[in-house]
Amino acid sequence: MKRNRAVHLLSLGTMVACLLILGAFLILFGNLSNWVGQWGSTLSMSIYLKDGVSDYKRDKIDAFIRALPGARIRRFISKEDAIEELKAALGEEGGFLERLTHNPLPASYEVVFETADSNRMDTEEIKARLLGLDGVADVQHSRQWVKRLEGFLHIVRLVGTVIGGLLCLCVVFMVTNAIKLTIYSRRDEIEILKLVGATDWFVKLPFLLEGAVLGFFGGGLTILALFLGYLGLCSKKIYLLGPTPLEFVFLPGQYVAVFVSVSMVLGIVGSFIAIGRFIEV
Amino acid sequence: MKRNRAVHLLSLGTMVACLLILGAFLILFGNLSNWVGQWGSTLSMSIYLKDGVSDYKRDKIDAFIRALPGARIRRFISKEDAIEELKAALGEEGGFLERLTHNPLPASYEVVFETADSNRMDTEEIKARLLGLDGVADVQHSRQWVKRLEGFLHIVRLVGTVIGGLLCLCVVFMVTNAIKLTIYSRRDEIEILKLVGATDWFVKLPFLLEGAVLGFFGGGLTILALFLGYLGLCSKKIYLLGPTPLEFVFLPGQYVAVFVSVSMVLGIVGSFIAIGRFIEV
Amino acid sequence: MIQLFQVVKTFGPNVVLNNIDVKISKGELVFVTGPSGAGKTTLLRLIFGAERPCAGHILINAINLNRISRSKLALLRRKIGFVFQDFKLLPHKTVFENVAIALEVTGLRPRLVRKKTHQTLRLVGLAPKEKAYPPSLSGGEQQRVAIARAIVKDPLILLADEPTGNLDPDLTQDIMVLFRNIHQRGATVVIATHSRQLIAGIECRTIVLNQGNIFEDMG
Amino acid sequence: MIQLFQVVKTFGPNVVLNNIDVKISKGELVFVTGPSGAGKTTLLRLIFGAERPCAGHILINAINLNRISRSKLALLRRKIGFVFQDFKLLPHKTVFENVAIALEVTGLRPRLVRKKTHQTLRLVGLAPKEKAYPPSLSGGEQQRVAIARAIVKDPLILLADEPTGNLDPDLTQDIMVLFRNIHQRGATVVIATHSRQLIAGIECRTIVLNQGNIFEDMG
């Protein structure tokens, strides 16, 4: 037993490394789809006002927006807010803004549409109606951008499947290797067992179990490591778009179970290959 | 021999993984210092002109800049150029620029100082003299920015050293493990050798050699993999700052030699540890 | 019980058994002898199905070993006890476990396994050593573990390959008494040995192998 | 040559040698006998420095084994030939390499190694098997490889542990002639055996071990 401990630790380590990549990818992908889903379901619109628009006109615009189905005014950005934000966004490069003689930026409303399926909303029609109002200078919406992100997600999923498959092969290879070595180191024992009349399965079963255990622990350790890494990630606030930090989620419960089971199955497959090649001799 | 091949492949793989991280880090760090070095040695200055400056005044400013030691005018950015560039930089967010009633950006000269050691240059003095000229609105220079990058590089170096040390430990551990297993699988042989009167060194030497070979191949394979990865990276143009793509360099020749040697030494150290623990029994 | 027809066994250019015909009836006690390298071990291994003949047929209980499946062979081996010349003990299992394994593979109940194992270890005089590991045993003790493992399952056929090479004359006598008991209970016993003392002690059939042929077959 | 003073060797509660005093002079030929488990192998291993006594002192050529360094012990072993009861052959090296290794560790020139090895293999009748691997050899052939490895270096001391347990009577005679030749060239020879035939063949000193004591020491 002792002699195999080192091999098993070695393969467990390499296995966990492979599975870690796989798991990290799963988490990343899950979060990406989450984010894209969120953005997709909350279509947002910026409505720019003409300079010097009267309060009366603004109230009418305000009321019009509130009457749109599913629409919520996230905030109103005054001309002053707009220039401050631009300054903050440009940082040092924004030095030139100090030298502006007057504020060129327009005031705007930021509006989100929180309908169950924003895809069916006719954004172009709403835009046209808004432009028809007195005092509205321009309208921009986020639809095209989400479309592009979904294409990107599709590619990520494809690449992920290919890499995931390769990594699974790696895991199987690791286990096969480890079990082969165990079998090799116990070949005398195997020979003797057969000489005293043990059936093939009596000899094979312990190795299959060993592979299963290896796979189980590999999967379990990986989940553990991923979770620790996840906690570390959560403690940091990461800003990607906009002022709210990204929200990370871990693999859902049933994914964890599937992950560990798959890793166990990979272990069994690995030892199966090892056994097939060795014990018949 | 055959029985150990699998172990050795396994440890070689894990070793290469460790060394890959190490090597990738070395390359990254080398390139980062390169870039920072380049930026640092070419101190750049932006000289903003007042609106509506006369050609006569501009010629005087032009002449003054050319007279500065080591200075080269990289380009003159007219007001129109400036707004175009800002539009390109902001992309979709720059929509508001369309609605500007007049161009708020100033024209500017971009000047680089290509002196051997730009550190000794008194930038503040030059700045003051430039501001004294008629028609100059503002002067900005890149010194502070480089300072900050160098601090960052320092941290990268520190973190890299720590991680590198850990990875080296990993490599030693891998080799120790592999050699321990070899020794274990040949313990009968070792016992018999000692019984027929072999000295300790006669028994130990082959294992030390094995460790050295393992280290050498681990290092060599890593360099190979890194080089392939480097070629792949070079084939893509990556833009980070400005319009010129990043230029990557590989590890210099003597670094490659040092890298492989270190990996070999780690192999020897690893087998040394393995031998010490096992053969004395 | 055991029948060999025209059996040939060669290892490369080395013809070990050359057209051997042997018939051993149920309940016989037979010695196989001959010089070192004559093929005694090979003959026993052929009968055990551990080696395949290059030509000819071997029948055990009317089962042809050339046609037997792997699982049938395992079942057959449970009825055959083999004392290996090089013992073939598991170094990482205790004496007790080494002997018990021959019963465990048959799926016998643990309680019975323990009882039979203890009993057999007492028979060969190793009861005090049952918790020891083979590498810490003397040559003779290891040989007796091998004997115990072969006889613990009350085999129908007992094949013993030089079973007393490491035993002193007194122990040799004891072991021979054991073998004769097993024989008297109806088992077929085949013993390969060099020992003149062993053969001289008992009046029975002796097969003398030499240079691939049966040189003498005294009934 | 070989002196044991008050040597005690125990394994756990098992007292194998209890206050043994033995003196074997240079050039003697001595048999060690006794029942299985009496401690013959243990005695030889103590003399060889493969086992340390629990009490007492062992002197070989006036060197105290309790105080010898590891490298000195290696040098001493080059002068001692040991035929192990369990052969201790390297399964992945050929017969030739197994024998040659005893000379190679001494740093002898390869040409001489080859010559001596061939010569010794011829002496034990294994010249045709020199390219075979030990697992493919018969029991007696393996034993002769072990003997060849012990005598190939013309040892000053030859320790042989049951060296003829797997050999037929004719070969046993041949091997004894070999041992006596080595003895006549001046070497000290100690043979542990059960075989009455072996002991009866030669008139010489016999040490009988029993239950940890020297039971009989016939000069």
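Each chain carries a letter (A, B, C and D) given by its place in the written order, and its residues are counted from 1.
As a convention for this text, contacts are C-beta pairs under 8 Å (C-beta built on N, C-alpha and C of every residue); 3 or more make two chains touch, one makes a residue touch a chain.
Everything quoted here is computed from the prediction, not taken from an experiment.
Asks: Which neighbours does chain C have in common with chain D?
Replies: The common neighbours do not exist; no chain touches both.
Asks: Could you tell me which chain lies farthest from chain A when each chain's centre is the average position of its Cα atoms?
Replies: D
Asks: Go ahead and note the Å separation of the Cα centroids belonging to chain B and chain C.
Replies: Centre-to-centre distance between chain B and chain C: 71 Å.
Asks: Could you put a whole-Å number on the gap between the CA centroids of chain B and chain D?
Replies: The separation of the two C-alpha centroids amounts to 65 Å.
Asks: Provide the list of chain C residues touching at least two other chains, using ranges where the numbers run on.
Replies: Within chain C, no residue contacts more than one other chain.
Asks: Among the residues of chain B, which are close enough to touch at least two other chains?
Replies: none
Asks: Classify the inter-chain contact topology: is it line, ring, star, complete, or other?
Replies: ring
Asks: Can you work out from the touch definition every pair of chains that touches here?
Replies: Going through each pair of chains, those in contact are A-B, A-C, B-D, C-D.
Asks: Spell out the residues on chain B that touch chain D in their complex, using ranges where they run on.
Replies: Residue positions touching the partner: 1, 188-189, 191-200, 202.
Asks: Looking at the complex, which residues from chain C come into contact with chain A?
Replies: 48, 50, 70-71, 74-78, 82, 84, 88-90, 92, 101-102, 105-106, 149
Asks: Please name which positions on chain D make contact with chain C in the complex.
Replies: 11, 33-37, 40-41, 85-86, 136, 138-141, 144, 161-162, 165-171, 194, 196-197
Asks: Any idea which chain A residues touch chain B in the complex?
Replies: 3, 6-7, 9-11, 13-14, 17, 48, 82, 89, 92, 95-96, 99-101, 104-106, 137-138, 140, 145, 174, 177-178, 180-181, 184-185
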